[in-house]
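In the two complexes that follow, subunit A is the common piece, with subunit B as its partner first and subunit C second.
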Partner chain A sequence: MPTQTYIPLANITLSSAVGNVTFSSIPATYRDLVLVMNGTSSSGNPFAFLRFNGDSGSNYNYAFMYGDSASAVSSTFSSQTTGFIGNIDTGLRNNVIAQIMDYSATDRHKTTLARSDAGLVIATSGRWANTSAVTSMSVNVNTGSFSAGFTFALYGIVS
Partner chain B sequence: MTLSALGIFSAAGAGGGAAAVPAYDLLFTTTMPSDASSLTLSSLNTYAADYKHLQIRISAKVNRTAGADDLTVRFNGDSAANYSTHVLMGYGSMLSYGYGGGSMFIPAAAARSTSGWSTGVVMNVLDAYSTTKNKVFRALSGEGGGAVGLSSGSWYNTAAMTSIQFLPVYASSILAGSRFSVYGIKG
Partner chain C sequence: MTMTLIQTKTLASQAASIEFTSIPQDGTDLLVLTALRNSTPSTGWADALVRPNGATTNLTSIALYGTGSTAGSLPNSTDIYHQAVNGGSTSNTFSNSTIYITNYTASNAKSITVDTVTEQNTTLALAAITRGLWNNTAAITSLTIVPTANNFEGGSTISLYKITKGTDGIVVVS
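Let's turn to the complex of A and B:
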């Protein structure tokens, strides 16, 4: 029997610029999360990152590839304190869609797959080296802030 | 400055206005009870009347320690060379692209067996039940922190989808606990 899913959990539109948005009290009801972000940044063409359960340890690993008008690049980072999911070009309308796989599972690390589109086209895969269920998730930029009007939508998907 | 979204509402309280029609449903999930050389999602034709596209979400591991594995994809049990794949993949500083004639595969789709590694695949099969179009999938995949891939595959056949089979390219088995979830998207 099919089960309706892709359930909206939270929807935020920023009324003023902030550098960090946190989703808290995420229920373990679902298997995967999908985060949809849309907006621009205040300055500096920042990168966007995820952090789970407030863990600021060196437990994040990610690979990414991107292409722009000049080049295509790939790179891998390990033992980072946040997980990269894309860039937020200043002055452009950016879209990021991040899939947080198995966020409620307690038998595996958490994989994040993301696509980011604006001045660059980016694909990333990340891993939070922790088997705990994700109960909170923060999205931040490494410089500047998410501008007013930036939207964040979080969905839950059962399995 | 930090903004927190507190009090996430429940599924029962979620949803749009009265006119919203749910369009994305979980059809079934297969979690492998034991290691196996392949995994087949069958009886997909059961859902043809209600759905237009399919999405497969995968979290899999294989019996290989050297790195992530690719997964070969076959539609409707067709093991002949009726496929092609285009791939863009990042692995360390090596950005690669390629075309595979004769087969379909998803790069970096299954994690190595070494403790701690994990992977994810979000795969969409477009117009899965059309009988006039060749079938196409597109996927975003990656072994978290090790590799990331974008892929698209074509099956040169207009038959409606009945099954999807996944086989590891380098390993011999997909490991117990690997999860394959099938979703239907209405259209």
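Let's turn to the complex of A and C:
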């Protein structure tokens, strides 16, 4: 990985459990965004997803591979309403690092590369089929919630 | 810019470890970039260990790897691994890794994310991503990279950066 510049944009440490965190008013100043998440979940070993600009259409496609300490597995999903970025296993210290490429470009779909470390080790590539610049981004879990103390930090990467 | 170089170490000759001490406590995350070569005279690679605060306990990991012909996943209940190409391999090659440690001063267990690549003219290749955990609440004040066999060769280089979270006053989080 080449040396990157991490410009701090926003961060939050949850004071109570929530199922959704939204970053809005994201300026088109940078080339990429990096989201670093760390913490655990309240119950249910949920999955974490990204949604851009509030788009709930079937515009999210992703492929992932994971290792469960015994085997390597890969799968793909298309036409989803959110983009998968990793697991938030209950009772474990989970780490997710997601990089959103060319988020401010208006001539291409947006690609996300994510690494998730929990009970599994997971690498995901995703595509949001939309050419709009990303101005807001929501992170949510499909069940349960991000526990209190969960940290989210968003950075801009200079071109 | 919040990504700040703390220190780069390049070995002038073989060494049994590479250590960073007195890591500043005013950052949020640590990023480590490594270029490592092991002194083992055969081809292949040797493992290298990540030891926060010199720890040899409470370290676990799960790796997902591909060699060009097979893919698999392995657990480790005692260490966090990455790799260093052996000295008998193609000249002038090093294994490269990115190690990311989130919330390194926080009083909870530390997530350690490792990505590694080793390539030897297509005859020998390894790409691995590893989920590491140091189950200790102490802040990380030092970091040691240790080979599991022999030494690191001269020319091996490790750079340590800190990344500090903050706000730009524009982006709203809710």
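FYI, the second predicted complex is superposed on the first by the 153 of 159 C-alpha atoms of A that agree within 3 Å, B and C clash if a C-alpha of one lies under 4 Å from a C-alpha of the other, contacts with A are read in each partner's own complex, and residues count from 1 in each chain.
The working rule: contacts are C-beta pairs under 8 Å (C-beta built on N, C-alpha and C of every residue); 3 or more make two chains touch, one makes a residue touch a chain.
None of these values were measured; they are calculated from a predicted model.
Asks: Report clash or fit for the pair subunit B and subunit C bound to subunit A in the combined superposed model.
Replies: When both complexes are placed onto subunit A, subunit B and subunit C end up clashing with one another.
Asks: Report for A:Asp107: first if it touches subunit B alone, second if subunit C alone, otherwise both or neither.
Replies: first
Asks: After the superposition on A, what does A:Ser43 contact: first (subunit B), second (subunit C), both or neither?
Replies: neither
Asks: Between subunit B (first) and subunit C (second), which does A:Ser58 come into contact with in this model arrangement: first, second, both, or neither?
Replies: A:Ser58 contacts neither subunit B nor subunit C.
Asks: I'd like to know which partner A:Ile26 touches here: subunit B for first, subunit C for second, both or neither.
Replies: In the superposition, A:Ile26 touches subunit B and subunit C alike.
Asks: Applying the document's definition of touch, where does A:Leu120 land relative to subunit B and subunit C: first, second, both, or neither?
Replies: Second partner only.
Asks: For A:Asn95, using the defined touch cut-off, is the partner it touches subunit B, subunit C, both, or neither? Pick first, second, both or neither.
Replies: second
Asks: Would you check which partner chain A:Ala17 touches, where first means subunit B only, second means subunit C only, and both and neither mean what they say?
Replies: First partner only, subunit B.
Asks: Touch check for A:Thr81: first (subunit B), second (subunit C), both, or neither?
Replies: Neither: A:Thr81 stays clear of subunit B and subunit C.
Asks: Quick one: name whichever of subunit B and subunit C touches more residues of subunit A.
Replies: Comparing subunit B with subunit C, the partner touching more subunit A residues is B.
Asks: Could you say whether A:Ser145 touches subunit B, subunit C, both of them, or neither, answering first, second, both or neither?
Replies: first
Asks: Hey, which part of subunit B ends up inside subunit C in the overlay, 42-50, 114-122 or 150-158?
Replies: 150-158
Asks: Under the contact definition given at the top, report the residues of subunit A touching subunit B in one complex and subunit C in the other.
Replies: Subunit A residues touching both partners: 3-10, 12, 21-27, 65, 72, 115, 123, 152, 154, 156, 158.
Asks: For the complex, which residues does subunit C have touching subunit A?
Replies: That would be residues 1-3, 28-29, 33, 62-66, 71-75, 98, 100, 102-103, 106, 108-111, 113, 115, 129-133, 161, 163-168, 170-174 of subunit C.
Asks: Over in the complex, which subunit B residues touch subunit A? Could you list them?
Replies: 1-11, 14-16, 22, 24-27, 29, 47, 50, 57, 59, 88-95, 108, 116-122, 140-150, 177, 179, 181, 183-184
Asks: Please give the residue numbers of subunit A that touch subunit C in the complex, ascending.
Replies: Touch list, subunit A to subunit C: 1, 3-12, 21-27, 36, 38, 65-72, 93-95, 97, 115, 117-118, 120-121, 123, 149, 151-156, 158.
Asks: Provide the residue numbers of subunit A that touch subunit B in the complex, in ascending order.
Replies: 2-10, 12, 14, 16-27, 29, 31-32, 60-65, 72-78, 99, 101-102, 105, 107-113, 115, 123-129, 138, 145, 152, 154, 156-159
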